[in-house]
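Next come two complexes built around chain A: one with chain B, the other with chain C.
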Partner chain A sequence: AGALAAPQNLSVHSTNLKHLLRWSPVVVPGGTVSYSVEYQGEYESLYASHIWIPSSRCSPAVGPECDVTDDITANVQYNLRVRATLGSQTSAWSTLEHPFHRNSTILTPPGLDVTKDGFHLVIELEDLGPQFEFLVFYWRRESGAKEQVKTVRRGGIPVHLETMEPGAPYCVKAQTFAKAIGRHSAFSQADCVEVQGEALPLAL
Partner chain B sequence: GLRRCLISMDMHHIEQSFQGIKRAVQAKDTFQNVTILSKSETLQSIKPLDVCCVTKNLLTFYMDRVFKDHQEPNPQILRKISSIANSFLYMQKTLQQCQEQRRCHCRQEAINVTTVIHDNYDQLEVRSAAVKSLGELDVFLAWIDKNHQETSA
Partner chain C sequence: GQEFRFGPCQVKGVMLRELQEAFWAVKDTVQAQDNITSVRLLQQEVLQNVSDAESCYLIYAMLKFYLNTVFKNYHNRTVEFRIMKSSSSLANNFIVIMSQLQPSQEDEMLSISESAHRRFLLFRGAFRQLDIEAALIKAFGELDILLAWMEKFYQ
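For the complex of A and B:
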C-alpha cells in the first residue's frame, strides 16, 4: 500500500477563546485512522524551532478535530501540525498554513436573560468561564433617563440590577470582555421588562 | 521605571503554570545550597527606577539561556514551560514598546544585578544551572507581581 496520506485543509475555528483545529479526514477503506496534533509557540519557533509539543488533548485524536484551547495560552503566534496514523503507518506532518493568534478569536454577544422578581430587575448572563467579564448597561426607558453601567465578573448566576418603579420599562444590554486579550464583544440585543401597579410606598 | 511599562497581564496563569511543575523541577536540582536569583540581596534591592530594565534583562536571561538550556522529556512539564516561555515572549514584546519610547532606561545598578545572576549561572554546569533557574522562577514571578502591583495604573 502506498504511503499514508497526510491530513489536508487544516484550519482553526476560534470563538470566545475556545480554539478548535480542524482538518479533512484521511479515509482508508476498512481502516481506522487516528491523528496526532502538535504545537509550537512563537518562543519555540524563534529559539528552539526543532521543538514541537504534543497537544494536551489530541495525541492521539480519533476524529478530524482537536480542541487546542489549553495549548494556546499566550498572546503570541502558534504553529500547529497534524499527522495521520494507521497501524504502523504514519503520514507526513501537515502544518497550518498561517500561524494562529488567539487575538483573532470571534467574540459573540453574551446570552442575557432579563427578568423581574417583584419590583426587582434581575439578569443572568451566559457562563463563558473565568476568562470573561461582562459589561452590563441598563436604563429606564423614558426621556432624559441616564444609562447605568455594571461590571459582572462571572456568568451563570442571577444578578440584581435595580429596584424598578412602575410607569416605564427597564432595558438591559451586555457585552463580554475577554481579559486575556483585552477585547470586547458586540452588544447583546437590548431586552426590556416593566412592572405594573402602584409605585413603591415611601419608607416613613 | 516599570510604572508605565508593563501592560497589565494575567500573571496568575503564569504562576499556575509554574506551580504545576515546581515540585518536579526543584526535585531535579542537585545543588540545594546554591542560588542563582539569590532572593534576598539581588532582586529585593532593586529600585522602582530600575524595575523595567531588570525585568527586560531577566526575561531575556530566561528566554536566551534557561529555557534553551533545559531539555525537558516530560510532555506535561514541557507544555507548562512552553506556556511560561511564550508568556515571557509576550511580556518582552510589551517592554520593547516601552524601550522604543525610551521609558525603560538601564542604569548601572540594574546592569550589575543582571551580571550577578549571569555569573551565578555560569558557576554551575549548564544543565544544573538551567534546572536551578527554572526552580527559582517563583522568585522572579513574585518579584514581577509585586513590582507590577505597585506600579500598575
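For the complex of A and C:
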C-alpha cells in the first residue's frame, strides 16, 4: 500500500474564543484512521522552531476536528499541524497555511433572557466562561429616558437591574467583552417587558 | 479590561490569570526538581522596593533573560508534555508583554535604568553561580515569585 495520505484543507473555526481546527478526513477503506495535532506559538517559531507541542485534547483525535482552545493561550500567532496514523503507518505533517491568532475569533451577541419578577427587572445572560464580561444597557421606553449601563462579570446567573414602575416598557440589550483580546461583540436584540397597574402618584 | 502598568509602560492583551494557571499546573513538578534550597535567584534585593519608574526597565530585562536563556534551554530539556505546554503559554505571553514594553532611553532616566540594571545583575549573577541545569530548574521554579511581583502592576 502506498504512503498514507496527509490530511488536507486545514482550517480554524473560532467563535467566542472557542477554536476548532478542522481538516478533510483521510479515507482508507476498511481502516480506522486517527490523527495527531501539534502546535507552536510565536515563541517556539522564533526561539526553538524544532519544538512542536502535542495538542492537549487531540493526540490522538479520531475525527477530522480538534478543539485547540486550551492550547491557544496567548495573543500571538500559532502554527498548527496534523498528521494521520493507520496502524503502523504515519502520514507526513500538514501545516495550517496561515498561522492562527485568537484576535480573529468571531464574537456573537450574547443570549439574553429578560424577565420581570413582580416589579423587578431581571436578566440572565448566556454563560460564556471566565474569558467574558458583559455590558448591559437598559432604559425605560419613554421620551427623555436615560440609558443605564451595567457591567456583568459572569453569565448564567440572574441579575437584578431595576425596580420598574408601570406605565412604560423597560428595554434591555447587551454585548460581550472578550477580556483576553479586548474586543466587544455586536449588541443583542433589545428585549422589553412592562409591568401592569397604575403609575404611582408623584409624591406631593 | 485589565492591563499591566510598569510605570509609564502599559501592556494590554495579557490575562495574568492565564500565566498563573500555566505555572501552577506544573509548580510542584518543577519545584520538586530543585535540590538547592539554600539559594534564591530572585532575592529580596532584586524585587523589593522597585519604583514604578524602575519597573519597566527591570521587567524588560527579566523577560528578555527568561525568553533568551531560561525557556529556550528549558524547552530542550523537558519532554514532559504538561511542562512543555505551561512553558509555551508563559513564553508566548512574555513575548506579548515584551512587544509592548518601551523603556525610555532618555538621559534623565539613566540613573533609574542603571538601578534596575543592578537589580537584574544580582539575579543573573546568582544564576551564573549555579550549574546550568540547576540554574534553569531554579529560575523556572521561581516564576511564581516573578508573577507575584508582576501582579502588583496589574490593574
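As a working rule, the second predicted complex is superposed on the first by the 198 of 204 C-alpha atoms of A that agree within 3 Å, B and C clash if a C-alpha of one lies under 4 Å from a C-alpha of the other, contacts with A are read in each partner's own complex, and residues count from 1 in each chain.
Note that in this section a residue touches a chain if its C-beta (ideal position, glycine included) is under 8 Å from a C-beta of that chain, and two chains touch if they have at least 3 such contacts.
Here the structure is a predicted model, which means the values were calculated and not measured.
**Q** Output check: A:Ser56 vs chain B and chain C. Expected answer is one of first, second, both, neither. What do you get?
**A** A:Ser56: touches chain B and chain C.
**Q** With the two structures laid over each other on chain A, which partner does A:Ile181 touch: chain B (first), chain C (second), both, or neither?
**A** After superposition on chain A, A:Ile181 lies in contact with chain C alone.
**Q** Of the partners chain B and chain C, which touch A:Asn75 in the superposed model: first, second, both, neither?
**A** A:Asn75 contacts both chain B and chain C.
**Q** Examine A:Ala92 and indicate which partner it touches, taking first as chain B and second as chain C; both and neither are also allowed.
**A** neither
**Q** Identify the partner contact of A:Ile106: answer first if only chain B is touched, second if only chain C is, both if each is, neither if none is.
**A** Neither partner.
**Q** Is A:Ala145 in contact with chain B, with chain C, with both, or with neither (first, second, both, neither)?
**A** In the superposed model, A:Ala145 contacts neither chain B nor chain C.
**Q** Chain A residues in contact: does chain B have more, or chain C?
**A** When the residues of chain A touched by each partner are counted, C comes out ahead.
**Q** Considering each complex separately, which residues of chain A are in contact with chain B in the first and with chain C in the second?
**A** In chain A, residues 41-44, 46-48, 51, 53-54, 56, 71, 73-76, 179-180 are touched by chain B and also by chain C.
**Q** Show me the residue ranges of chain A that touch chain B in the complex, using the header's touch definition.
**A** Residues of chain A touching chain B: 41-44, 46-48, 51, 53-54, 56, 59, 71, 73-76, 179-180.
**Q** Show which residues of chain C lie in contact with chain A when the two form their complex.
**A** So the residues of chain C in touch with chain A come to 1-2, 12-15, 17-18, 22, 67-68, 71-72, 75-76, 81, 84-85, 88-89, 91-96.
**Q** Which residues, counting only chain B, touch chain A once they are in their complex?
**A** Where chain B meets chain A, its residues are 10, 13, 17, 63-64, 67-68, 75-76, 78-79, 82-83, 85-90, 93.
**Q** Considering only the defined contacts, which chain A positions touch chain C in the complex?
**A** Answer in residue numbers: 40-44, 46-48, 51, 53-54, 56, 71, 73-76, 130-131, 177, 179-182.
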